[in-house]
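A, B, C and D are the chain letters, set down in written order, and residue numbers restart from 1 in every chain.
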Amino acid sequence: MNTFGKKFCLTTFGESHGKALGCIVDGVPAGLKIDEAFIQSELDRRKPGKSKLETARKEDDKVEILSGTFEGFSTGTPIMMVIFNGNQKSRDYDNVKELFRPGHADFTYFHKYGIRDYRGGGRSSARETAARVAGGAIAKLMLKTLDIEIVSGLCEVDGIKAKDYDFEYAKSSLLYALDREVASQQEEAIISAKKKHDSVGGVVLTIAKGVPIGLGEPLYYKLDAILAEAMMGINACKGVEIGDGISSASLKGSQNNDAITPKGFRTNHSGGILGGISNGDDIVVKSHFKPTPSIFQEQDTVNTSNEAMKFELKGRHDPCVAIRGSVVCEAMMALVLADMTLLNMGKKMEHLEKIYQS
Amino acid sequence: MNTFGKKFCLTTFGESHGKALGCIVDGVPAGLKIDEAFIQSELDRRKPGKSKLETARKEDDKVEILSGTFEGFSTGTPIMMVIFNGNQKSRDYDNVKELFRPGHADFTYFHKYGIRDYRGGGRSSARETAARVAGGAIAKLMLKTLDIEIVSGLCEVDGIKAKDYDFEYAKSSLLYALDREVASQQEEAIISAKKKHDSVGGVVLTIAKGVPIGLGEPLYYKLDAILAEAMMGINACKGVEIGDGISSASLKGSQNNDAITPKGFRTNHSGGILGGISNGDDIVVKSHFKPTPSIFQEQDTVNTSNEAMKFELKGRHDPCVAIRGSVVCEAMMALVLADMTLLNMGKKMEHLEKIYQS
Amino acid sequence: MNTFGKKFCLTTFGESHGKALGCIVDGVPAGLKIDEAFIQSELDRRKPGKSKLETARKEDDKVEILSGTFEGFSTGTPIMMVIFNGNQKSRDYDNVKELFRPGHADFTYFHKYGIRDYRGGGRSSARETAARVAGGAIAKLMLKTLDIEIVSGLCEVDGIKAKDYDFEYAKSSLLYALDREVASQQEEAIISAKKKHDSVGGVVLTIAKGVPIGLGEPLYYKLDAILAEAMMGINACKGVEIGDGISSASLKGSQNNDAITPKGFRTNHSGGILGGISNGDDIVVKSHFKPTPSIFQEQDTVNTSNEAMKFELKGRHDPCVAIRGSVVCEAMMALVLADMTLLNMGKKMEHLEKIYQS
Amino acid sequence: MNTFGKKFCLTTFGESHGKALGCIVDGVPAGLKIDEAFIQSELDRRKPGKSKLETARKEDDKVEILSGTFEGFSTGTPIMMVIFNGNQKSRDYDNVKELFRPGHADFTYFHKYGIRDYRGGGRSSARETAARVAGGAIAKLMLKTLDIEIVSGLCEVDGIKAKDYDFEYAKSSLLYALDREVASQQEEAIISAKKKHDSVGGVVLTIAKGVPIGLGEPLYYKLDAILAEAMMGINACKGVEIGDGISSASLKGSQNNDAITPKGFRTNHSGGILGGISNGDDIVVKSHFKPTPSIFQEQDTVNTSNEAMKFELKGRHDPCVAIRGSVVCEAMMALVLADMTLLNMGKKMEHLEKIYQS
């Protein structure tokens, strides 16, 4: 239940204020060059405190590989990566010990397990996404050798939508904004909310290019279904769309079908997936993030004895989780595609003959 | 890859024009009364040809249980259900033998497997959802004993939105419409599209009531993530929202957080799920369906030799797949909740003591 | 829990006296020629009543494929096979309704589930192995295209050991005996026990030839471990050995190690498996079957109210289950090897390049 | 593929000469007191160098918990345990870099993956069993609260069999011998082989007491089948027996059946398992270990270019792996029983009512 994937598998562990967090990546084919600098750079993209748009909390997120590689290459054995937690200010959380923070998992973890590590959300903290990014980085390395690339960026912040998508610009933008025209407006919305001790939501667009036809397993491990699971499972995500998604529900069939030509599909309303299987076009996914529940306004809540209480947050928190969500969405898409790539092997007898009869 | 669920598992088989289709439901606790009439009634709700809003194709969908019950009760062994296909008009599909129908899985199945059963979409046909409904019916029987109920209906057709949700009305509506005020307008949109040889999309709202706190497994089998997977995996679904979903991305944190009171949550923006775990409130999911790709207008496509061709559909098809999608959404939600109910057992040492030390 | 395998998966259903039993085989690569006559011939090898050494019970075991093939080839979708049960004499079991038969699963099923289908053992009946044989036959068809062959036979009956192994002879022997010199002695032991209303045990030797180096997944899906699971899971099996097995425990390392030469291993003490991975030599497994628990002598037991009772069996039963166990062992080994063959794909980056970059 | 179990899951990582090895234990119910001293004491029982009967290699095997506990109790989140490797003498392995050691996994890993960490066997080293013992210790803590206890010891060394089983004596014996009468004879056999630069095999008997009726999942996750998988998966294990095992194959049914009385089974030939489900009696398993393949005699082998070579071992190795195998067998049995205990929950509707309707 802490494992994602069937053949390329990520298992994560760790709490936000425990000793360490990390992951085991199992199923990586042997002979993949493991570029540790790249893995670290991915973590650096996710780590907080890079700008005033993010929490001021500093996390070093130095990742260390403890197993599964030899002389710079994967060996086919589990790759274990660990990030030791620095000095976390646990006392920031003393006042939430007996309280449930509105919008957080405190309430449900406590009732499910009868016990919870209340420090910074424990296991339910978005800090766990560092382990996803580390695992996703390995997936990206594998996909890169097959010429599959994943890009992402924010196409909406606080209701302000991008009109144009520039993934190159997003890379250099503090908020991974896709549209330079509205980026400063989006930025102001975040800062304005922050000043009011409030938070805003946002939408991440993630695209995979170069995906071959045939990835995705009908009928209960479809590419679109698993992408939906992957994205919806990221903290604060409340909606997922594939291709034209929600807007396709108000189109006519004649508008929404992608005509097929000898050179490929004329349009890509489908987001590159038909019948749960990739069709060779770009895979297009939108993930909708709610505003950070951690706001600095007084809120109504109850304590563990179910008595009405007022809750006032301390600590440092992101005013817009969608920003760092961008890197996490890429990681999740990479994990899904790496898994689907391996699962697809052996779907035709021809594959077996290629591998075993040469 | 044809199995859904981890402990309450549905495995389906069958093609739309093969001899039969059906499913094995594994993991059903022993001692559940298996009400066969109820299972059949669920299939009757899904079966086509009930009104002019649906395909005129007749499918009897008589379900038969071949194993797993004894004297009317589940025995803990796999419950196998089969629906034999009647005389399907396979010749309707002769003209698609060498062609790929735009918007369908023909193209991707052919390329993934190098072979496809082209008759009626074969395995990728929405006909397979009959097996989901049969499995979902067993899940509902189990949930009913725990006072969990699932309801659904269409909250949008061709862009026409319901303003009010009346699940009782939906039960008697030909299109499972949630709002009697807009139902006839929605109906007209469907008939109008049908006359133009076109199709429309729609949105299904599915709600579970009576779900206890604690269902859902962090971090990679979260209730919201698996509901997203379940819904997105239904044919033609392109978007999934939990609770306020997409609209929460344009709210402020102070608007979106559900305050907690001793009597429960004041609002339910979250859709009954926090940190991937049910919080005791209604579980609320919206599933967005694209317009049926099967339209009766000429379309551009290619044949299996990648030559440009014109495609004109024959046969009988639903002008709005979302209608029958309603019953399927309920089935998928039931399967998810049944699985999560079983998975949740043993999460506390207290559970073990209750079962083993009595 | 009724599914075997991770990528080439067998899911079975059905009770001995229910309407039908059968299986779904999922994960079969597309494009495999499905030889239905071969599948039926495998079932015929397993079916009872072929000689006086077996139960006189007649079971036709006619298998029918309901899905997953098209024009004689696998399509990559689930292959469903069903065997309808003929007129079973359920009344033979009226006297066991309230009793637990010694050596049978009656006692444990009743206590685990609180309910049991007592007719002929219900789900726990060895009749379920027909479904394994059907699934194993598909696995054999796949392995055959890779030049992997599986043979088996009885190397011991009632303590009478074969001195020489002749797999060709076994094919024509009524008891699948491996050694023609002791076969009649073994046969007499069975008939003698039968006359005394008793039963005997036996040992099946199963060998796979042509297995490539590299099958088996360390560390928790090792080839030897999964073969042990596969064999021990067959009804009445109480011991499993790989290669020299038990006798290797009384050898010295210098005797037991298989020296390696440029032409291969000098000996095969290991049974073709090192570190859980096939080494290119024959895979050698011995499965030890207890004597049939169904004997016609009066035995002490209790009823469902835990009162002491005398039990006297009616009906028709095999005096030596190991005989028909031979075909089942082959099927299980075929299922394991088919699964391992698919799982092994993608273990090297080189595999991916072969499949995706051509 | 590096994960064992379905609900109580052990995932291990690490190589013998890498930075660290360890495991994630997932699925532990919340609220279990985690006795770290007990976990360490289990590792101490396994660690090498405790006597002249074992390798002189020193491994500290200090285990550290990095996640999943809070204030001494399990929280329901993954428990990660790590053992950092001390200074391993990697240069001992320089001479095996290009060679395959007879009886080892070198040959198969190299061919499967095209790359191997040759230092001390890398991932295939028995050192990995430390992670199993750590995971098994958590399983034992859980089972202890349900009054289930597991004991083990050597019932055979180099062909010298124990006549009597004294599990108390085994605890204090240097070789975990079960019979004090033959222990010194067994000890001498080990020392004699060691002097001759050879090694010996042995047999471990493992017993679980207090197991409730009902553990084990028919038909493909049977208790006996999974115990067989668990034991056969331990390095060097070549044979597994349940209950009377192999000897039952030469008994008559009338001798082998366990009569049932109101006070329980009169005998326990079955080893406490009927139809794959525990029957309330002691679970009895024998695991047969081959002699350590690491011997100090010159052996024939090939190098990675398949040229004939002479191989002479350096380093320090156990003359009898079965000794330390005893603790590992206990760990594996504990993992299986913990998993089966959790899986069994929800098998009856009655279970659900107890948990959800109170």
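Rule of thumb we're sticking to: contacts are C-beta pairs under 8 Å (C-beta built on N, C-alpha and C of every residue); 3 or more make two chains touch, one makes a residue touch a chain.
All figures in this text were calculated on a predicted structure; none of them were measured in a lab.
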Between A-C and A-D, the pair joined by more C-beta contacts: A-D
Chain separated most widely from chain D, comparing mean CA positions: B
Gap in Å, rounded to a whole number, between the CA centres of chain B and chain A: 26
Between chain A and chain D, centroid-to-centroid distance (C-alpha), Å: 38
CA centroid of chain A to CA centroid of chain C, Å: 45
Multi-chain contact sites of chain A, meaning residues that touch two or more partners: 1-3, 12, 27, 30-31, 76-77, 109, 112-114, 123, 218, 343, 347-348, 350
Partner chain B, residues of chain D touching it in the complex: 7, 29-32, 76-77, 142, 145-146, 212, 218, 341-343, 345-358
Chain A contact footprint on chain B (complex, rising order): 1-4, 10, 12, 100, 102-105, 107-109, 111-114, 123-124, 128, 156, 158-159, 193, 198-203, 213-214, 216-222, 224-233, 235, 237-246, 248-262, 266, 269-271, 273-280, 288-295, 297, 299-302, 306-308, 322, 343-344, 347-348, 350
Touching residues on chain C, where the partner in the complex is chain B: 1-3, 9, 11-15, 18-22, 24, 26-27, 30-31, 64, 66-68, 70, 73, 75-80, 82, 109, 112-117, 122-123
